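Heads up, there are several structures right after this.
You will see two complexes here that share chain A, one where it goes with chain B and one where it goes with chain C.
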Partner chain A sequence: MSLTTAHSVVAPSSNAKLIAGTIIIAYALISIVPLLWIFATSFKTPPDSIAYPPKIVFQPSIEGYCNLFTTRTRQTPEYINALGPPTGFCDETVRKRNMVIAGPSNFLPRFVNSLIIAFGSTFCAVFLGTLSAYGFSRFKVPLADDLLFFILSTRFMPPIAVAIPIYLMYRELGLSDTALGMILLYTAVNVSLAVWLLKGFIDEIPREYEEAAMIDGYTRLQAFWRTVLPQATTGIAATAIFCLIFAWNEYAFAALLTSGTAQTAPPFIPTIIGEGGQDWPAVAAGTTIFLVPILVFTILLRKQLLRGITFGAVRK
Partner chain B sequence: MLNRTADNAARATPEPLAKKIRGISDKGLAWLFISPTILLLLAINIFPLFWAIYLSFTNYRANRPNEVVKNLGLANYKRILGDQDIWIAMQTTAHFVFWTILLQTVIGFTLAWLIDRKFRGHAFWTTIILVPMMLSPAVVGNFWRFLYEPQIGLFSYVVSFVTGIPPTNVQMLSNVELAPWSIIIVDTWMWTPYVMLICLAGLRSIPEYIYEAAEVDRASNWRQFWSITLPMALPFIMLAVLFRGIENFKMFDMVNLLTGGGPGSTTEVASITLKRQAFESWRTGYSSAFAIILFVAVFGLANIYVKALNKVKQR
Partner chain C sequence: MAEIRVQNLRKAFGAFVAVQDSNFVVEDGEFFVMLGPSGCGKTTTLRMIAGLELPTGGKILLGGEDVTMRRARERDIAFVFQLFALYPHMNVRKNIGFPLLAQGMPAAEIRSRVEETAKLLRIDHLLNKSVSGLAGGDRQRVALGRAIVRRPKCFLMDEPLGTLDTEFRDLMVHELRELHNRIHATTVYVTHDQMEAMSMADKIAVMNHGVIEQFGTPREIYDRPATMFVADFIGSPPMNFLKFGGGLARGAKEIVVQGAKVAVPEVREDIAPADMALGIRPEHIRFDDGSKLRGAIYGTEYLGTTQIVAVETADGIIKARVPAGIPLNPGEQVGLALSSARLSLFEKGSGRAVRTVMHDQAAEARHG
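Here is the complex of A and B:
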């Protein structure tokens, strides 16, 4: 049997499997090279990171992480020698480059902003989304299809087009560059995903459960709270993770609408510079810290991924 | 106790009346549940949209809020439709959308088809392949600038190693010919898994018995692929294409970080033009008009998308 066999009565031959497996593994390995390179670069010294030819084997260093979390100033050797003994590993590393640590960098506050905004907006979007999804799933809502389409269509607006009036509106309301403003905006973007995904999950819960609960004397609200919600937990968790990933990764709104106090990590990371250009080990360190939570979530979510990326249109 | 009595009474009465007896009516509850979402979207999406429509008829500039706003009628729209630069940006966008989607569909479908051979460990390798699409396009796209760096960048090094071109000459981001492709490569790297995942679902939805029947009829493998596999997976492929089409029409993050629209304006897609007009030249009225035009275009695409989506669902 040749490789062109699709499904067949007989399972694909071992030869076909071998060739398919080899190609897939080769693709997978090549496609994660950029990510491995980010990880490797985060442990290089700045000279190693820009060596030619690119260094695959190198002496690991945490200088990139030191630079990510600090700002440094150049000093004369006399000045550095006059200082006391270094207070830590980072201090020592920095001094070898004739610099001293001047203070913490903005990375940590930006990272905390990302956490606050991502979790805040996810909570709001999932809360509103669950209620609406239940409403659409269980009740005859007039114009339900039009409303659902309206909810989804808001997701299709180009972010820059939305950003122009939002920018003006937030300026009037004093919401520019605030976490609250970003949470509201991300909630509005994510709620469409939440409604569509959760409607799918709630549709799958048989109505009989609630009807039985209501015959037992529960009100509709109690039945929703005690029978539907517990059964929708997996769906709600998956939806929450999708919302979280969107808000965490979002760049366009954050870059245009935040500049200081509420800036999140994605617009901040590209601006990390050292002396004479981009400090790639520090950028790589920031990128690594930023990506690790998403990697964990992707692995947790792998069974629900398909549903999430198609707004619930395709379920396995 | 009271509830039970009410409920007993409710069951004895006709449905519409019964609903009223149980406290909040279902209709009331439905609106109570749905209205917060609708209100939020009205406030954050629809109100600003109408504001933008209003601004699109004016010469308002966001950096001069105190200036008298003049009503220009349709002048902004007329200028945009006659503006050479806007048409070039639209062409650039179309070029990106076409190539990214073509590459992602061909590679994605092939990968899905290979994974469907179900070799040992296919689930693990599928998860590995899926990783890039979950990451932030901005943060990862930014790092690709480093990979593209002439000489020291890994990508340039590999290219010069394979082709023999001197490493300092592999200038992906600053070469007018190559810059668009540098973005297409990153986008394809990132989003091929997306198309693959949807295609895989399509392939897995084809019932085994159809192949068994084809086998009985001695249909060749080639024939089976063209008359069973491809047509039956087609709605899924279309779904993936439409989704990517809409997303890439809005493409901003990666372009902004990799090339910023340059060199010159060779990679200036519609979103970048919009950003330059709105947030650098501060031509708020003019850019609002452009935003509205883009929105109408995307809305049209979205309509097609939802129709296709319903078709897929009916299967």
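Here is the complex of A and C:
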């Protein structure tokens, strides 16, 4: 055994730690710049957002958020002066640009669509995935290897490669532009990932737990519910985050299959650009709000996620 | 509590036969040990009694009831696993109470039963602790607690001491036996460790390749091994074998081994000429210069009160257990005298023990 290999298994030296730490911090900073830029832009006024050179220090404004949640019409100053006093901060900001609020924008319903579709499909994929993974893990399923390979094979090409057949099928079935259709689609895409990930986790849970519970008077389903599930929470949480991130960020299918009532936020946000000039603060505000659910979900489950991702590398 | 009756039990996994036509009866309140090397089918037999595996053939009767095809939860048995299978997401109290919860017992009653059980096992101070922080012995006690809290028909234990340190294991062997003496629960205990088996069992079944080689008390198995496998598996060091040829006639009292005449227990059956083996426990060998059976001392192993002496004979090395005080030098020629009344004879081909007066005496003692 060479000296370097022997060295690498002992605790890293302080120098190595310093270098590793520097690289990680540098990478983190580079990664976070676009996010910070979006976040900053969402609080700029439209002129500030396209100023050159770019403004690092600026007067914050929530105009972007006002524009995101409302539709506005341009009016003459006389008309605006004839109105009563502004009803709120947004009203006041908008009037300064010779506009009046005409009504709420579609952002909120689109955002709610995203929530319903992403969380709904994540729930379905994880639910089906857990049950199938348990089945594959514990029972002698005929052709189990072939079936698992078949499940995996649905991910051999990018899902969007089958966009046209799915578009035609959805039109025939009346699933176009429905939340149900999108939930089914994202579930179908995610379920193979869920089965494979969860099978790994469930394989690691000794059968003795269920066997003990079944001997102690529980049915298999009860044993699964009371002994396997509590120990699989880490895997379930990690799988759920992966599924949620996919469903939440998915753009191509959403753009193709949803246009109205079931439209999700990703295809909606770019449409803001077209309305009354390039309103970058509103786009940035939409993006910022769009990031929040994933951020919250990930922070809530971060412990499980960390253990889930390093799973297999670290033994209990 | 109940007796367990296993009839022609058989289990095959595809072409591999794990258990072949097993027959045995565990009497009510008995501590029964299934002993054998790994892969001999002992755990499979236990899992069939538990209902975790379904047999390919045969019957299992629990307290006279045929439970062969019944689900595990309908059999009213308790199982202690090798790795204990304590639920890591529950504390000690919940782990022990888990089987009672399944029966829909009221919370107050579960509480008192769990506390009573914990006192019996001296773990009442641990009830609110998490199971993940417990030491090996305490985990073992919690696993036992979960088994006895329900007062089932019988206990099944699959190498429950396998993962403990040697020191703890001796302690738990005593605790287990003591517990059994107090509650007299029919127990089936699986192990590959002959010391555990010999020190705890009322009855032992020695298994090999899916077959029960011998079923009997620890004394019977040690003194009158039914096969060469049993003779070799039990005892440390195991039984010595010296080969001899020729047949045996009913009434024979002497055989010739390496040119030396050796008195043996009176043979009670006729054996056609074949390769035979004389089985001698190490403690049944004495050094006697008058003996014609000779060998050279090869090495010694000092154990304090006794020493194990390896002697090289014309038929390979045999080991003798002699008092520690005898001075011995490697290379020294010694004569070996054997305790004739305690010798066993085997047919080498089948490994089966030849019936001798020892067996008849034992049978008479049992029935008389």
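Criterion: the second predicted complex is superposed on the first by the 266 of 316 C-alpha atoms of A that agree within 3 Å, B and C clash if a C-alpha of one lies under 4 Å from a C-alpha of the other, contacts with A are read in each partner's own complex, and residues count from 1 in each chain.
Basically, a contact is a pair of C-beta atoms (placed from the backbone, for glycine too) under 8 Å apart; a residue touches a chain by one contact, two chains touch by 3 or more.
Here the structure is a predicted model, which is why all the values come from computation and not from measurement.
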Which superposed partner A:T187 touches (first chain B, second chain C, both, neither): first
Chain B or chain C, by number of chain A residues touched: B
First, second, both or neither for A:Q231, with chain B first and chain C second: second
Touched partner set for A:Y209, first chain B, second chain C, both or neither: second
Touching partner for A:L291 - first (chain B), second (chain C), both, neither: first
Partner chain(s) touched by A:G135 [first = chain B, second = chain C, both, neither]: first
Partner chain in contact with A:G217 - chain B first, chain C second, else both or neither: both
Shared chain A contacts, counted only where both chain B and chain C touch the same residue: 214-215, 217-219
Complex interface listing, chain B residues touching chain A: 3-4, 7, 11, 22-24, 26-27, 29-34, 36-38, 40-41, 43-49, 51-52, 55, 62, 111, 113-122, 125-140, 142-147, 151-154, 157, 167, 189, 193-194, 197-198, 201, 204, 206, 208, 211-212, 215, 221-222, 224-225, 228-229, 236, 239, 243, 246, 249-250, 252-253, 256-257, 270-271, 274-275, 278-279, 284, 287-288, 291-292, 294-295, 298-299, 301-302, 306, 309, 312-313
Chain A-facing residues of chain C, complex: 50-52, 71-73, 75, 77-79, 81, 83, 85, 87-89, 98-99, 102-103, 146, 150
Of chain A, residues touching chain B in the complex: 1-2, 4-9, 11-12, 16-18, 20-21, 23-25, 27-28, 31-35, 37-38, 41, 49-54, 128-129, 131-132, 134-136, 138-141, 147, 149-154, 156-169, 171, 184-185, 187-188, 191-192, 195, 214-215, 217-221, 245, 248-252, 255-256, 265-267, 269-270, 278, 280, 283-284, 287, 290-291, 294-295, 297-299, 302, 305-306, 309-311, 313-314, 316
Touching residues on chain A, where the partner in the complex is chain C: 206, 208-209, 211-219, 222, 226-227, 230-231
